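Just dropping this structure here.
Labels run A, B, C, D, E, F, G, H, I and J following the written order; every chain starts at residue 1.
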Amino acid sequence: MSETYQGLTQLGHASAQPATPEQAVLERVPNPHAGTAYLVRFTCPEFTSLCPITGQPDFAHIVIDYVPDGWIVESKSLKLYLASFRNHGAFHEACTMDIAQRLVALLDPLWLRIGGYWFPRGGIPIDVFWQTGAPPAGVWVPDQGVAPYRGRG
Amino acid sequence: MSETYQGLTQLGHASAQPATPEQAVLERVPNPHAGTAYLVRFTCPEFTSLCPITGQPDFAHIVIDYVPDGWIVESKSLKLYLASFRNHGAFHEACTMDIAQRLVALLDPLWLRIGGYWFPRGGIPIDVFWQTGAPPAGVWVPDQGVAPYRGRG
Amino acid sequence: MSETYQGLTQLGHASAQPATPEQAVLERVPNPHAGTAYLVRFTCPEFTSLCPITGQPDFAHIVIDYVPDGWIVESKSLKLYLASFRNHGAFHEACTMDIAQRLVALLDPLWLRIGGYWFPRGGIPIDVFWQTGAPPAGVWVPDQGVAPYRGRG
Amino acid sequence: MSETYQGLTQLGHASAQPATPEQAVLERVPNPHAGTAYLVRFTCPEFTSLCPITGQPDFAHIVIDYVPDGWIVESKSLKLYLASFRNHGAFHEACTMDIAQRLVALLDPLWLRIGGYWFPRGGIPIDVFWQTGAPPAGVWVPDQGVAPYRGRG
Amino acid sequence: MSETYQGLTQLGHASAQPATPEQAVLERVPNPHAGTAYLVRFTCPEFTSLCPITGQPDFAHIVIDYVPDGWIVESKSLKLYLASFRNHGAFHEACTMDIAQRLVALLDPLWLRIGGYWFPRGGIPIDVFWQTGAPPAGVWVPDQGVAPYRGRG
Amino acid sequence: MSETYQGLTQLGHASAQPATPEQAVLERVPNPHAGTAYLVRFTCPEFTSLCPITGQPDFAHIVIDYVPDGWIVESKSLKLYLASFRNHGAFHEACTMDIAQRLVALLDPLWLRIGGYWFPRGGIPIDVFWQTGAPPAGVWVPDQGVAPYRGRG
Amino acid sequence: MSETYQGLTQLGHASAQPATPEQAVLERVPNPHAGTAYLVRFTCPEFTSLCPITGQPDFAHIVIDYVPDGWIVESKSLKLYLASFRNHGAFHEACTMDIAQRLVALLDPLWLRIGGYWFPRGGIPIDVFWQTGAPPAGVWVPDQGVAPYRGRG
Amino acid sequence: MSETYQGLTQLGHASAQPATPEQAVLERVPNPHAGTAYLVRFTCPEFTSLCPITGQPDFAHIVIDYVPDGWIVESKSLKLYLASFRNHGAFHEACTMDIAQRLVALLDPLWLRIGGYWFPRGGIPIDVFWQTGAPPAGVWVPDQGVAPYRGRG
Amino acid sequence: MSETYQGLTQLGHASAQPATPEQAVLERVPNPHAGTAYLVRFTCPEFTSLCPITGQPDFAHIVIDYVPDGWIVESKSLKLYLASFRNHGAFHEACTMDIAQRLVALLDPLWLRIGGYWFPRGGIPIDVFWQTGAPPAGVWVPDQGVAPYRGRG
Amino acid sequence: MSETYQGLTQLGHASAQPATPEQAVLERVPNPHAGTAYLVRFTCPEFTSLCPITGQPDFAHIVIDYVPDGWIVESKSLKLYLASFRNHGAFHEACTMDIAQRLVALLDPLWLRIGGYWFPRGGIPIDVFWQTGAPPAGVWVPDQGVAPYRGRG
């Protein structure tokens, strides 16, 4: 494995699942294509957290798009970070925005957006959409294309 | 209008919406193709009732298939009957089965089935499927083909 | 053109649109594969008739499946026959069954079925499904596969 | 529960279903991410009101997108507010616009839009689309992606 | 019924189907939300006219979007107007444009567009798309989203 | 609430989320339609457990169909039971079969089946399908209709 | 290449496109899994022939399923055979049945079926379905699953 | 038929299929809505040509959008022109561009674009997209919406 | 890890990718639900092998269904086995059948079937379907539901 | 074959599969439509490479769009080049970007973009999107329209 990955603590190691988002160690490596404005999309249909009021589980389909600048996120650490919300109590908006803002703090990307597509509660799902601002000029940003909630029929 | 329809009280009249399923007058006319075993499908994506515990509204997509014998249901009276559940409190299973059994009582059909596809509560939708027995031999009974509940993503 | 088609009055001729189903001349030719039990499907998404009560137009998507015996229907005459319902007032069930029964009378097929998928009235579409009996053993009869009515969302 | 929610009268209480939109108490809490322009989408496939002319039920699939400024809507109160149209007679346009304008009055959002996708009447569904103006620059506003009305076939 | 509707000749009356587009009385009422730029979509999957050359029936799926100014179209009169093309002979482009232009003349809307999605002839369907110009700034104009013609397979 | 529900410990009470499947109290009530062979479908797209080897989270979409005999499952207790697998480590087959067999033990149904549609691991998802035997004669058992795994493209 | 393929005249050779079905040399090789009843499906969405009356081109999507006995068809020769209909004038039924019967003659399979899904003419597509009889017991014969003709909308 | 069509040689006549694109007579008539910038879409899923290297057939799904100025193409002549590529050998790009450029030469339209969606060769389909430049301001140009190539699964 | 897994050589170990199917060690463990006839489905959209004639890569989407008897396949070893075809030259039928037959030899299951959905060559994809015989009575065997090949458009 | 193709080493020759991307000879020919800004799309659902860390196979669906200037890529050489990644170890981002950048170096196109849609690892697929900058003014660049990753359900 190249030097780039030598400081990493999780990739290529057996890693315990972090118990909270705070304990999760989100790691970064230098962007191997720094200077080229490309977009990376992570699709995570396996996301769950807890309702901060009732403690009942919540579920979401999360899609993250970002244009790296000097750093990219190491993907195993991202996976463990997302899984660390499993026992974390927070509202839909807070979970979605926290993920985005932690990535922004870690990576200082040229641009980032997140779509949080939450399962319905009370018959009404909530989706949360945020981006750091207008996409950088000239970068290709496809639709996330997640199917809208349909109900039945 | 032919004699067949002369006893009807709702078709071709301004009809007040019945306040309860009990008040609804479900009407029938002689089967114009008696002796021919054909299937009629009514699809009602506009169904709502009330939760008997909380009084909150419930919604369903209802599909009714039947093979008439001597009688067919008059469709305007069926529409009014289905709409009469709007202020009726009952569980999903009860609403679905009540509709089916009232039609069976009225029509004494060769065969009938109902699919009740209810909107999710607590993240889990309930579907109710009932038929009066195996379909009559030689009758064509297509799938109802209602999309399964998908959640998100 | 082969002798088979010599008696036909419409195929290969300019044909006026018949004004009523009664005036329509539904024609047949000998089954070129008589003795082989194959199924022919006609899909007609362009069907319209009139409501016998109000005179307002009705629309349907009609699919006809049949297994010919000695005769097959000449398809131009079928097209003109279906179009002849344009100014014909009849209920959904009657239109659907009339088409099927006229074809049965003309062709005396080994088997025939019809699916009439009508556009909604009062929020509730009606579908009519009929077949002459169980399909002949060994004949391949695929689903018609017409999308169920969805409403909105 | 945090102080933010202490003034709320419905969340975490047993709440009677309000009888009319006027009686519904639509509540707000401070935007926990004020200063960050994100979009929240509520999808409500369970909406019904009454025709003001005939008293017959109407149904719609409603999608609301908004970019909060100082306030966000409390979602249980939104659910009860939407359900309060159940016995309210109003035209499609009026229902759709009333919901939007009440939310605007309550929240003074940076931006809001509503899509009302109504079930067909007379064979023709009506959709109503409104937004408070062009979306704020740099905010991500995905398509609502609701399937168009198809009819049959 | 409010005063607004008092001059109307069709809504709330038994109305004979007009025989031609010329005979159809397309009616308007004052825009109840004048001053608010919202979009209304009518989807009409039940449209038929006649080929001006052959007299054979043509079919189309028509979608109309408009942003009202001082007037809105009364929807029952629109339905009857669209149905009045049933015995009208005109090319696809002419039917589509005539509908649009008659609505523009009646309503003087802020903006209008029409999509005419015609059924195939000679294996090739024709679609006609027209709008009165660029949409007004700040108005939300979703895709019509009609499925493209697929052929088979 | 009717007497039927009086012995229940969870429905209509604030219920703590059970920590394990063993601690979960799955409750039943008498079948209100005993003697009528109908099918009930629960769709649970929000299911998660842990890998017994690695402790990493697993996800599944679970669909349960059953034909009650004397008892039906109380649905809030079912929801809590399914959620109790959140910190439970077991293989896909074991989770799926355990759910089915616990329901069988509780309800002694006429028939039951379960489909467990698991998210991919190592690029290959596993689905588990089990039923208690051939469906009872004359009962209507629709396809579960869950979309097959597609991968990408 | 194994001996099996030594007698073949087209596979592994530059092969001129045969001008007619008669000139096409459809070749066979011994079934490498003789004694095991498996099904092979060829899907050919690229099929065209000529109308025997007008000389205009016709198009079809053809799917062939067969259970080989002693022989399998060599697939390059099948491709050339199907392409040889390009200048061949025949009705839809004849083309479809000819392909099936030539394969039956060549291969003497345990079972064969063909689905011919033709593009619409006069607004009405024709599908032709034929099989040699009921499928052999114990052989797995999935639906061909070709999308039904939809028209527009 | 109106004077406009009097010079036409194919519409309303029995027309032999032209043998080559060069022999095809593509005809035009005056734009009946000259001065109104509308878009016309022709969808042709029935297109075939020959590979110039191997002589093997190629297939494509072709969609043409244009905004007429003084002329519109006569659609029967367009159909015959497209069919005239049947025995024409040319690369995918050349066929697609030739069609577009011949229409531009004939019609001098305000704008034109073509999408050529070719069937895969070597496992990789090629699509060709061309337009005469940016669409004219204010003209409505919907997506062509052709499904992307999926492969299998 | 339980004793059951102690003899395994690959699960929980770093495992080199086997170079050929022959070198791949397909492992089994005792069926933990022996005596219960359930079905397990593996979906592998990531399969590739080589053409035995040209050496060019082939691709397939493979779905395996089986009803275990005394043994189940260890899934990591299955994944490695499927990947071992990467440099293996064999025809579509042979690859598909070899996989099935090796599993049958290893597991001696109550029943097994395989669907091999291969990417098109020469414009025509081949699917291979095989099962060990009719499914055991009372076992639930859902459709594999893989989308049919569509071509373009 | 025209002179243009005379220098090519692979088209029309039997070509061994290159063992690495470095050994692959990507060839170009003069753009036959130089001066016309059209877009060419290659869709490759058959792409595989190796993980540089573990040596396990990776799979992707790759779509390349470019607007040629003086050169176009010869498509057989492109196919062989893409296939040459089969035994190449590289990260998802690197494979995707390498393909794009090699094409840019070879062709010096007016514009190019690539979408790499990778199969999930650890439950989370990665997509990579890059373009050389904003598309040239006036060129038509349709969405790639690849279905988003769905997970299950």
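Convention: contacts are C-beta pairs under 8 Å (C-beta built on N, C-alpha and C of every residue); 3 or more make two chains touch, one makes a residue touch a chain.
From a predicted model like this one, the values you see are computed outputs, not experimental measurements.
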Check your understanding: Out of B-J and A-J, which chain pair has the most contact pairs?
Key -> A-J
Review point. So what's the Cα centroid distance for chain B and chain I, whole Å?
Key: 45
Review point. Just curious, how far off is chain I from chain D if you go by their C-alpha centres, in Å?
Key: 49
Practice item. With chain centres taken as the means of their Cα atoms, state the distance from chain C to chain E in Å. Key: 30
Exercise for review: Mark out which residues of chain C touch at least two other chains, giving numbers and ranges.
Suggested key: 45-46, 59, 61, 119-121, 123, 125, 143-144, 146-147, 149-153
Point to revise | Interchain contacts (touch definition) - all pairs | key: A-B, A-C, A-D, A-F, A-J, B-C, B-D, B-F, B-J, C-D, C-E, C-G, D-E, D-G, E-G, E-H, E-I, F-H, F-I, F-J, G-H, G-I, H-I, H-J, I-J
Exercise for review: State the interface residues of chain H toward chain J in the complex, per the touch definition above.
Suggested key: 53, 91, 93-94, 97, 113, 115, 120-131, 133-134, 143-144, 147-152
Check your understanding: Which of the residues in chain E end up touching chain G in this complex?
Key -> 45, 59-61, 117-121, 123, 125, 146-147, 149-153
Practice item. Provide the residue numbers of chain E that touch chain C in the complex, in ascending order. Key: 16-17, 45-46, 48, 55-57, 59, 83, 86, 119
Exercise for review: Spell out the part of chain B that touches chain C in their complex, as residue ranges.
Suggested key: 1, 11-12, 32-33, 36-46, 61, 63, 72, 75-76, 78-79, 82, 137-147
Check your understanding: In the complex formed with chain H, which residues of chain F make contact?
Key -> 150-151, 153
